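Quick heads-up: structures coming right below.
Shared between the two complexes below is subunit A, which pairs with subunit B and subunit C, respectively.
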Partner chain A sequence: MAEFRMPSLGADMETGKLAQWLVKPGDRVARGDIVAVVETQKGAIDVEIFEGGVVQQILVPEGSEVPVGTPLALVDGAVPSASAPPVAAAPSLPGTPAPSAAASPAAVPAPAAPVPAAPRVRASPAARRLAAELAVDLATVRGTRLDGAVTLDDVRAAAAAKAPAPAPAPVPAAEDRAAAMRAAIAAAMSRSKREIPHYYLGTKIDLKRALDWLEAENRKRPITERLLPAVLLLKAVALAVREVPETNGFWVDGAFRPSTPVHLGVAISLPHGGLVAPAIHDADGLSLDALMAALRDVVERARVGRLRSSEVTDPTITVTNLGEQGVGTVYGVIYPPQVALVGFGAVVERPWAVGGLLGVRPIVSATLSADHRASVGHRGARFLAAIDRLLQEPEKL
Partner chain B sequence: MNTDDLRPAVLRALRRVAPEADPDALDPDVALREQLDIDSMDFLNFLIGIHRELGVEIPEADYPRLTTLDQILAYLGERRPAPAPGLAGG
Partner chain C sequence: MTATLPATVKLTYREAMRAAIREALQRDERVFLMGEDVGRYGGCFAVSQGLLAEFGPERVRDTPLSEDTFVGAGIGAALAGMRPIVEIMTVNFSLLALDQIMNNAATLLHMSGGQFNVPLVIRMTTGAGRQLAAQHSHSLEGWFAHIPGLKILVPATLEDARGMLWPALQDPDPVLIFENGRLYTLEGELPAEPPPVDIAHAAVRRPGDDLTLITYGGTLGTALAAADRLAAEGIDAEVIDLRVLRPLDDATVLASVARTHRAVIVDEGWRSGGLSAEVSARIMEGAFYDLDAPVARVCSAEVPMPYPYHLEQAALPQPDTVAAAARALIGAAHG
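On to the complex of A and B.
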C-alpha cells in the first residue's frame, strides 16, 4: 500500500489546499495520471501520481489545507482483488492530521459535487472544464498533444466545429491569488539574491540564418503548424546545456546535483503581475514541432492557472524571453534551487560586420545568470558560445 | 468592401487569446499588440483562430500588414473565399 502525499510544489511551499479529487476509491491510476487539484500560491496545480495502482481510500477531503507530506490517499499497487484489502492499518505521519475524513472539522462531504466519471480520455482538468462548459463530449475530441492528450485548443476547435457558439472567457485570477503569487515570487527571489552568488555574462547573437531558415520553413507550412522564433532559441539552449552540464540541475544542501534530463523552465508572465516558469520536459530531445506544441500547451495552461505538479517542480534551468516588450538585455535572477537562467532580449536590426563588410542583421542579446558555486565564468562563456553556434545551423536544431 | 460580417468572427478569435479585452474599447486604428498585453504566441493563436473561423490562409509574410483591427478586417475582406453563389468552387 502506497501513500499519495501532499507534494512540495516549490521550495517555499509549506501547505497546500486539496481543491478537488479527480479519482475516487476503486479507480485505477497509472503513473503520471492527474489525480487531484491542489491550490497553491502559484495557483491551482494538477497533481500527478508517481505510482500506479488502485485508489483504496481518500484520506483528506476536498477543501482541506494540509502540510506538505501529509498522506492524501492510499493506493494499492497490486491488481485489485475481490476481497476488500485491509485499510485499517493506514500509517500516519507524526504531526499530520489523522487520516480520517471524520476528524476534519470541515469534513462535510459535498454530495452535490459529482466526482468526474474518470473517462479514459487524457485531458487536463482545464480542458475537461472547458469541454463541459461548451458541451463538448471529450470522447469525440482528437487530442493533438504528443501523448494524445486533449488540449484546450482541441476542445475549442471541436466546439467551433460543432456550433458557432463563442467560448466563454475564463474567469481571471482573483486579486488575492495575485497577492499570494506575489508573495511566492518575493520569497523565491529573496532567497536567490540572499544565497546564490550570481555571475552574469552576455553576448550578441546574429539571428539572420536562423530567421531566414524559419521564414522559409514557415512559408511551407499552414498557419496552424508554423513555428515561433522563440522555439529555435529554446532548442538551442536545451542543446547547449548538454555541452555545459554545470548549468543544468540544482544546488541542494551545499552541493551541486547535476541533472541528466534537460527540463527547460520557460518564464511566462501572467495578468496582475504573476509569473510562473513551468518545465518543458526533456526539451533537448524534442523536435522543433514538438517543442512548439509543448510551449503552446504550457503557456495556455499557465494562463488559466492549470499547470501540473511535475511542471512546477522539475525545471532544471530556466529561460526568460523579455524581447516581446522591446527590452534589449535581460539580467536574470536565478530561480532556486536551479543554478542558471538564460535571458533573451528583443530581436533588433543592427549594423553588423561580417567578413569585413558592414550589413544590417537581426541581432538578439543573450545573457546567462549562473550560480558561481556550480560553474565558473569560463564554462558559462562556453555555454553562451554554444547557443550562438547552434543558432547558426538552424536546420540541425 | 463591407467587412461587417467578418468582425464578429475576428472578435471571437481575439477573445480567446485576450479574454479580458473589451472589444468596444479597442481603437481600430491602433496596433492590437499595443492595446492588449498579448505576445507573439497569443498573436499567432489569434491568427490561427481567424483562420479556423473564416478559412482564410494567412501567409507569414503578411503578418506586418495585420497590426490594427481595421487592417485585419480589410485584409480578410480581400482574402476571404469569394462568396459568389453558384460560382465558387471552394
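On to the complex of A and C.
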C-alpha cells in the first residue's frame, strides 16, 4: 500500500488545496496519470501519480487545504517507495518533492533511512469501504469494537460529526490569485537572492546562420508546423547542458545534486503579472518539431492554469526569453533549488565584423545566471560558448 | 365454492419422518427400508414403528449389525433399479460403512463415465444431548459434506422432516439425511397435506438486520433461542438454517451477511476443519468487504462428547454462548 501525498509544487509551497479528485476508490492508475487537481498559489495544477496501482481510499476530500506531504490517497499494488515523504526528506527544501526523486533517481538520491510505516488502523472491511466512500479518514475515527477496531457505525458517526461537507472551494478572485502568485514569486526570489551566490556571464551570439536556416526550413512547412527561433535557443541550451552538467540539477542540503535528464524550465509570463516556469521534460532528446509542440502545449496550458505537477516540480534549469519585450540583456534570478538560469534578450540587427568585414547581423544577448556553489565562472563561460557554437550549426540541432 | 382452511395435524419430528417413509413406500414400489432393528423393533428411535406390519418384510427389512454390508447392499439395489432407504443407527457407526459411502456410492457415477447413478438414500441419527456418550453422540455430517458425489440434507424442522425424503428419493444420486437425535421429540403442527420442500436452498428462519446466525440441524433451536434473547436486548438477529450442507447455498448466506455485516456460525460439529470453517471461508471469499466484524463461530468443545449431563451441556453450543458471541460482534456501539 502506497500513499499518494500532497506534492510540493513550488519552492515555497507549504500547503495545497485539493480542488478536485479525478479518480475514485477502485480505479486503476498508472504512473504518470493525472489523478487530482491541486490549487496552489500558481493556479490549478494537474497532479500526476508516480506509482501505479489501484486507488484504495481517498483520504482528503475535495476542498481541503492540507500541508505538503499529507497523504491524500492510498494506492495498492504499488511497489512501496523507498523514498521518504517529501517533507521528511528535505525539510529545508520543500521544493524538491519525492515525486521528482522517483522520476529521476539520479537527481535526488533517496535518503538512506527507510521511513517506518504508520501503524495500520484496525477497521473492518465494510468500515474501510464506507470510510472511503464518505471520505472519512480512518485514522481520526475512534473504534468502539471490543478490540478497538473501527466499525461501520463508527464511520457513520465520524461522518456525521464532521463539519458539514466543505463547500466546493470557491474559485479565488483573479486579484486574489494574482496576489497569491506574487507572494509565491516574492518568497522564491527572496530566497534565491538570500541564499544563492549568483554570478553572471553574458555574451552576444550571431544568429545569422541559425535564422537563415530556420527561414529556409519554415518555407518548406505549412504555417502550422513552422518553428519559432525560441525553439533553436531552447534546444541549444539543452544540448549545452550536457557539456557543462554543473548547470543542471539542484542545490540540496549543502550539496549539488546533478540531474542526468535535462528538464528545461520555460519561463512563461501570465496575465496580471504572474510567472511560471514549467518543465519541458528531456528537452535535450527532443527533435525541434517535438520541442516546438511541447513548447506550444505548455504555454497554452500555463496560460489557462492547467499545468501538471511534474512540469511544475521537475525543471532542472530554466530559460527565460524576454526578447519579445525588446529588452537587450537579461540578468536573471535563479529559481531555487535550481542552480542556473539562461536569459535571452531581443534579437536585434547590429553591425558585426566577421572575417575582417563589417556586416549587419541578427544578434542576441545570452546571459547565464549561475550558482557559484555549483559551478565556477570558467565552466559557465564554456556553457555560453557551447550555446553559441551549437547555434552556428542549426541543422544539427 | 367454499374455501376451507387446510386441516393441520399435530405430530412430532419422529412421526413426520415416519409419515415421509410411509408415503414413499406407498407412492413408489421400488422404495424399501432397511437397517438395524427397523422392522420388528420399530427402529432404534422408533421412527419406523408399525411399518413392518403395514408393508411386510420384503419392504421393511431388518439387517445384521454390519453397516458396511447393508450399505453396500443398498448401493447394489440402487444400481439395480430400486430406491432403497438405508437407515444407519447413528453417524458414529456410519464410519464402518464409510468405504461403501465414499468409495462406491459417491464415485460410481464418475467412475462409470456417467453410466451408473446410485439413487440411494441413507438416513442416520447425529448429535448429542441425550447422554449417549462419545460413541453415539458426535456430529460428523460436516465430514460427509466434504465428499463430492453426495448430497447432504439436515432437516431441522417438522416441514423438512416430513418433506425432504421424497425429493431425496427422486434424486438420481446418493443423498444422506442427518436427523439430529434431539429433534425426534420436537412437536408441532403440519398441514395434513404438507407442501413440497426443496432440497437445494438454505432458509431464513427468522429475519433480522443486525447480524446473521448461521446454523443447521440440532442447533437451529439453539440459534433461535439465542435470537430471542438478543431481541430482548435490542439486537435483531437473522437466523439462517442451511438445510443442505452439500452443495452449500452460498447465495442465501452471502445475501444475508451483505445486509447485516456480521455473522456467527453455530455448528454442533467440532470447530477445527469443520463445516463452520467452510462456511466462514465462503463468507470471506464472497462477502469480505461487507463484513464489519470477524466471522465468529460457536461449535462443540473439541473433546469426545462427555457422558455426564452437565459436561455434555457444557460441550454443546447453548443459547447463552451463541448470544455472547453475537454481542461481541456487535461491540460497544450497542452497549
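To be clear about the criterion, the second predicted complex is superposed on the first by the 301 of 397 C-alpha atoms of A that agree within 3 Å, B and C clash if a C-alpha of one lies under 4 Å from a C-alpha of the other, contacts with A are read in each partner's own complex, and residues count from 1 in each chain.
Keep this in mind: a residue touches a chain if its C-beta (ideal position, glycine included) is under 8 Å from a C-beta of that chain, and two chains touch if they have at least 3 such contacts.
Here the structure is a predicted model, which means the values were calculated and not measured.
Participant: Looking at A:Thr260 after the superposition, I want to know if it touches subunit B, subunit C, both of them or none. Which is it: first, second, both, neither?
Facilitator: neither
Participant: When the two structures are overlaid on chain A, which partner does A:Thr151 contact: first (subunit B), second (subunit C), both, or neither?
Facilitator: Touch partner of A:Thr151: subunit C, not subunit B.
Participant: State whether A:Leu295 touches subunit B only (first), subunit C only (second), both chains, or neither.
Facilitator: Only subunit B is touched by A:Leu295; subunit C is not.
Participant: State whether A:Pro271 touches subunit B only (first), subunit C only (second), both chains, or neither.
Facilitator: Once the two structures are laid over each other on A, A:Pro271 reaches subunit B alone.
Participant: Under the stated touch criterion, which partner chain does A:Asn218 make contact with: subunit B (first), subunit C (second), both, or neither?
Facilitator: After superposing on A, A:Asn218 lies in contact with subunit B but is clear of subunit C.
Participant: Tell me which touches more residues of subunit A here: subunit C or subunit B.
Facilitator: Between subunit B and subunit C, the winner on subunit A residue contacts is B.
Participant: With the touch criterion stated at the top, can you tell me which subunit A residues are shared between the subunit B interface and the subunit C interface?
Facilitator: After superposing on chain A, subunit A residues 153 contact both subunit B and subunit C.
Participant: State the interface residues of subunit A toward subunit C in the complex, per the touch definition above.
Facilitator: 124-129, 144-146, 149, 151-154
Participant: Subunit A touches which residues of subunit B in the complex?
Facilitator: Per the touch definition, subunit B meets subunit A at residues 12, 15-16, 19-20, 37, 39-41, 44-45, 47-48, 51-53, 57-61.
Participant: Spell out the part of subunit A that touches subunit B in their complex, as residue ranges.
Facilitator: Where subunit A meets subunit B, its residues are 153, 156-157, 160, 166-167, 169-170, 172, 215, 218-219, 222-224, 226, 228-230, 271, 295-296, 299, 324.
Participant: What does subunit C use to touch subunit A in their complex?
Facilitator: Touching subunit A from subunit C are residues 261, 288-293, 328, 331-333.
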